[in-house]
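Below are two complexes that have subunit A in common, paired first with subunit B and then with subunit C.
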Partner chain A sequence: MGYGARITRERMSGTDIIVYGILLAALALVFLTYGKIVFDIVMKGIGFVDWGYLTEDPRMSGRAGGVFPIIVSTLWVLSIAVVVAVPISLAIAIFVTEYLSPFSTLSRIFRLSMLILASVPSIAFGLFGATFFAQYLGFGTSILTGGLTLAIMVIPICAFAFEEVFRLLPTGYRNGAFALGARKARFIFFILIPASATDIITVVLLGTGRALAETAALLFTSGYSDRMPESIFDPGRVLSIHIYDLSMGIPGGDRMASASAILLIGLFLIISSVGIFFSRKAKT
Partner chain B sequence: MLVERTITEQMSEPATARPDPALQANGITVSLNGRKLLRDVSLSVQPNEIMAIIGPSGCGKTTFLTTLNRMIHHTLPAATVEGDIVLNGRRVFPSDENPADLRCRIAMIFQRPNPFPFSIRMNMEFALKAAGDRDKASYPDKIEKNLRAVNLWDALKDRLNDTATSLSGGEQQRLCIARALLSGPDVVLFDEPCSALDPISSTAVEELISELKTERSIVIVTHNLAQAARISDHCAFFFSEDGSGRLMELGPTDQIMNHPRQETTRAYVNGEVC
Partner chain C sequence: MTNPQVSAAPALSRAHRPLGSGVTFDGVLRVALAIAFGFACIIVLVVAFVILQGAAPALAQISWARFLTDPDWHPMVEMYNMTPMLVGSVLTSIGALVLATPVSLAIAAACNFYLNPLAASIYRRILFVMAAMPTVIFGFWGLTEVVPFLGQIKAPGVSLLAGVLILALMIIPTTALLIDVAFSKLPRQLLNGAYALGASRAQTCFTMACVVVRRAIFSAALLGLGRALGETIVVVMVTGNKAALPTSIFDPIRTLTANVTLEIGYAAPLHTATLFLSILILFMIATGLALLVYKLNFNDNTQVDV
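Up next, the complex of A and B:
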């Protein structure tokens, strides 16, 4: 081959092919499994998802009718959880990264406890929420109790992830800001948070997804009632509980459960898209 | 005010006794976990002078530079600093003054250009706000004046809303210099400002540094001896002995480069030690 020969990809041989094969097989396995799940849900439920399903009240324990009150309850619970959890976890992460040395005892204790809390089964948070928010603070079984319980559950996850995000901020930004005479607060609000905006949004989405999918923690905090909540002190049924109830408790609720599952996936896709849109915007 | 001094005067006078220094460091010793990174360094920088700090890697040049504007609190939080630093006749270390205020008067430029990932305008405005400048109406003029000072205005005047990270390395570094000049510092510290740049950008930044000294003093750490010879008035040669950095020799650049008094200095400038 002389001049002008095309550069072709290096040919693989021996172990390379085996490694490539294993990696590809792992990818295919995961892809096919998720594909099958989504395919089944969609095939089963898509026939029920129409305008009426989105806008009507459920009838016959959800066997017929729509899920409007359930979507409303879900969005309420989720909003409370995110609005409470994000500022608190941001504050924790900023305190740990900016005011503690990474090797200090306090910061080690923080990381260990966040790790432990993040892996506590969600039903334990549900029990805590039912005793503390519902009984002790007197919020009862309500959307507020459910939202706060979810907030407590996602705070460790978000705080841990935020801490990682802030530690990865290029040292150049940090040094640059302080060398210009910036005080810590200015650095935090005008450099640290804006420069990490994309990653902050990603973490918020991670927490939102976790909260959206949560069932166990909400069973005895936000309740089962499928009526339209009038305020955050009313109980309200979220989508994941609706799915659980339809598939486990209601004979013949299977197909409607799939329809709700489609909504849940759809809802998360919408929230993610909005998040990604804003994180792109934050970059410019 | 550039004071002419002969080599013999330099030799007979201790470094700290030169007239009216802009910046004076006396007996700076930096320790980290019981180890002395820097031992008893004293030197002074005259107004409108470029002082180059040269020496092998790991001899405490950058550490010394960061003690001057107290950035060491951020870069090496566990380090302790002894000695004192005087800026324009006023002691700034040890002092009750907030180090952030000191950094507006002793600016610092880093090895890698570090513009914030926002627009060029926001980079400049951040510096003004950080320096406590509340006169927002004057921002555009100040931004223009300082971008002109680093010869970037003509290239950037229509692109102020572009993100600063889209600039070339050399432009980024000049933007960082403009950003640092906004607070009107008396001294600018440069930590190997050209080492991450291509030769053409490097020359542009080097020429810029030479222009900057007309209004302020400059301390530059460099590994590039030719650069030190081209732009500096005085050179400080640092060398590590028993793991601690020391100031081995201080003098006019010509003396350090061509007639060093110390054997280690001679070996270093001739490329025999690195």
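Up next, the complex of A and C:
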């Protein structure tokens, strides 16, 4: 990474300086725009975020009041997605790394199907969830349907990442375990998973972030209702849909939408930075 | 064989102990993992099948040509011309791609060949976070800041241009990080060789490195294109959702994804089927892009000849 810079310590040539200027301008432009996005939203909405906003029910379709039921629904949908997606993708990744050769036909089929699944538009999963989970399985428009739909979306991301994590395990661990007579199961539960624990946490948080970021797939699956869900079979509105609905459907909802956007960005940044923290720890 | 230590050894490992009639925990685990794996391989087919089934009535009752030749998009009176939405989807995503790819290339080049390693790693972390940022945040910012700004230049503000700009901002981190990874995996000999021949950084980067990683740049652009094409919330929020062919970049447009989001709530059965059909089209395009990326990346052993 970047050892080009370390090799050439001599002065840069004329073209180099011009190119450097252009590249820096692109870097700065993108950086400043992202900074401005966060800054604009925070400045607009920070005045509305207080304890009452977090703990009250929304009033007048969200123009006043708080977002407590929305936070609860968001956490429910996320938990269902993670609880369903993580064990399945762990199992998939373990099977691929421990039981298959990376060059076998089955491995190829796995990569291809995960790649297709990862590039399918999220709205397609929304329609799939609304048809399959809500109608065929009879879960209706509910938190459960939303969570399961998100789980299907997150599985390819997590399975790919877990596979990469398991392939990074030093060969000595594997050889050592099998030389001592460990069977596959013992190796998996006592060596593979504990040794990759921090990276597994990173991947789980990465998947959670992806699920938190989703809007389109949840529109038709977990619904719009801003009331407090009483069970996972009730519909519930997640934060991203609350922002969408306030800014598009409710006149004068912009400022309250910025307050919700601050919450969403905050939650997202916390999840991502904890994830980055664990991955850094694993590297050193 | 009567050594007590040897006979005690299996007790240490539960995996060795049969669960009855020759079934071991090892065997059970293997089957369970294989089931999960099978699930992974068929889930994409299940999703495709469900969407195809939803689209079936439209395929059966409406001829293909009508989606392109009907006078207008008015599903209530059985007019199903999808051309405006197809054009809207293609224009926004291609526009975003054209804008995002050079900027991403510039960022990746700067991070690998110009910035000092610490600054580059901080910048990468910012990109990493922005790549997964909820898209509704981009859409909301576009709606409240970019759209009013464009509206001052030429009304109404919600437009093809707004969609292109916000989608480009949204996909830049993804494409930049993918190109960056390709640059950082360049074999050291290639760089040393270029510098030994007296190449400047600009020459090393743009006449050597970019050529070597061209497949990676291409597949990064394709993945970005796929993200832009499938994006729903951002385009619903900033493009104005007018189902008509645009005459300039300041005109409002509607994409296929936005069309589904806006209409599925009140659609009659045949109308719903046409919406499923439009998603099926996007599904097939996404699959095509994924196959291309797969061919470029996973089936390729000749990417770097050293």
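By definition in this document, the second predicted complex is superposed on the first by the 238 of 284 C-alpha atoms of A that agree within 3 Å, B and C clash if a C-alpha of one lies under 4 Å from a C-alpha of the other, contacts with A are read in each partner's own complex, and residues count from 1 in each chain.
Simple rule for what comes next: contacts are C-beta pairs under 8 Å (C-beta built on N, C-alpha and C of every residue); 3 or more make two chains touch, one makes a residue touch a chain.
Keep in mind that this is a model prediction, so the values were computed, not measured.
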Inset, instruction - Using the superposition on chain A described above, determine whether A:V204 touches subunit B (first), subunit C (second), both, or neither. - result: neither
Legend entry - Residue contacts on subunit A - larger count, subunit B or subunit C: C
Inset, instruction - Mind working out whether A:V154 is in touch with subunit B, subunit C, both or neither, as first, second, both or neither? - result: neither
Legend entry - Touched partner set for A:R186, first subunit B, second subunit C, both or neither: both
Inset, instruction - Check the residue A:S122 against both partner chains and state whether it touches subunit B (first), subunit C (second), both, or neither. - result: second
Inset, instruction - Would you sort A:G176 into first (subunit B), second (subunit C), both or neither based on which partner it touches? - result: first
Inset, instruction - Would you sort A:A257 into first (subunit B), second (subunit C), both or neither based on which partner it touches? - result: second
Legend entry - subunit B versus subunit C as contact partner of A:L78, first or second or both or neither: neither
Legend entry - On subunit A, positions contacted by subunit B and by subunit C: 181-183, 186
Inset, instruction - In the complex, go through subunit A and note every residue touching subunit B. - result: 101, 170, 172-183, 186, 190-191, 194-195, 283-284
Legend entry - Residues of subunit C touching subunit A in the complex: 9, 13-16, 24-26, 29-30, 32-34, 36-37, 39-44, 46-47, 50-51, 53-54, 103, 106-107, 109-117, 120-121, 123, 125-126, 128-130, 132-141, 143-145, 169, 172, 184, 188, 191-192, 195, 200-206, 223, 226, 229-233, 236-237, 257, 260-261, 264, 275-276, 279, 282-283, 286-287, 289-291, 293-294, 298
Inset, instruction - Show which residues of subunit A lie in contact with subunit C when the two form their complex. - result: 1-8, 12-13, 15-16, 19-20, 22-24, 26-27, 29-31, 33-34, 36-37, 40-41, 44, 88, 91-92, 94-96, 98-99, 106, 108-125, 127-128, 131-132, 152, 155-156, 159, 181-186, 188, 206, 209-210, 212-216, 219-220, 240, 243-244, 247-248, 254, 257-258, 261, 264-265, 268-269, 272-273, 276
Inset, instruction - Provide the residue numbers of subunit B that touch subunit A in the complex, in ascending order. - result: 69, 71, 74-75, 77-78, 98, 100-101, 103-104, 107-108, 110, 112-118, 126-127, 129-132, 163, 176, 179-180, 183
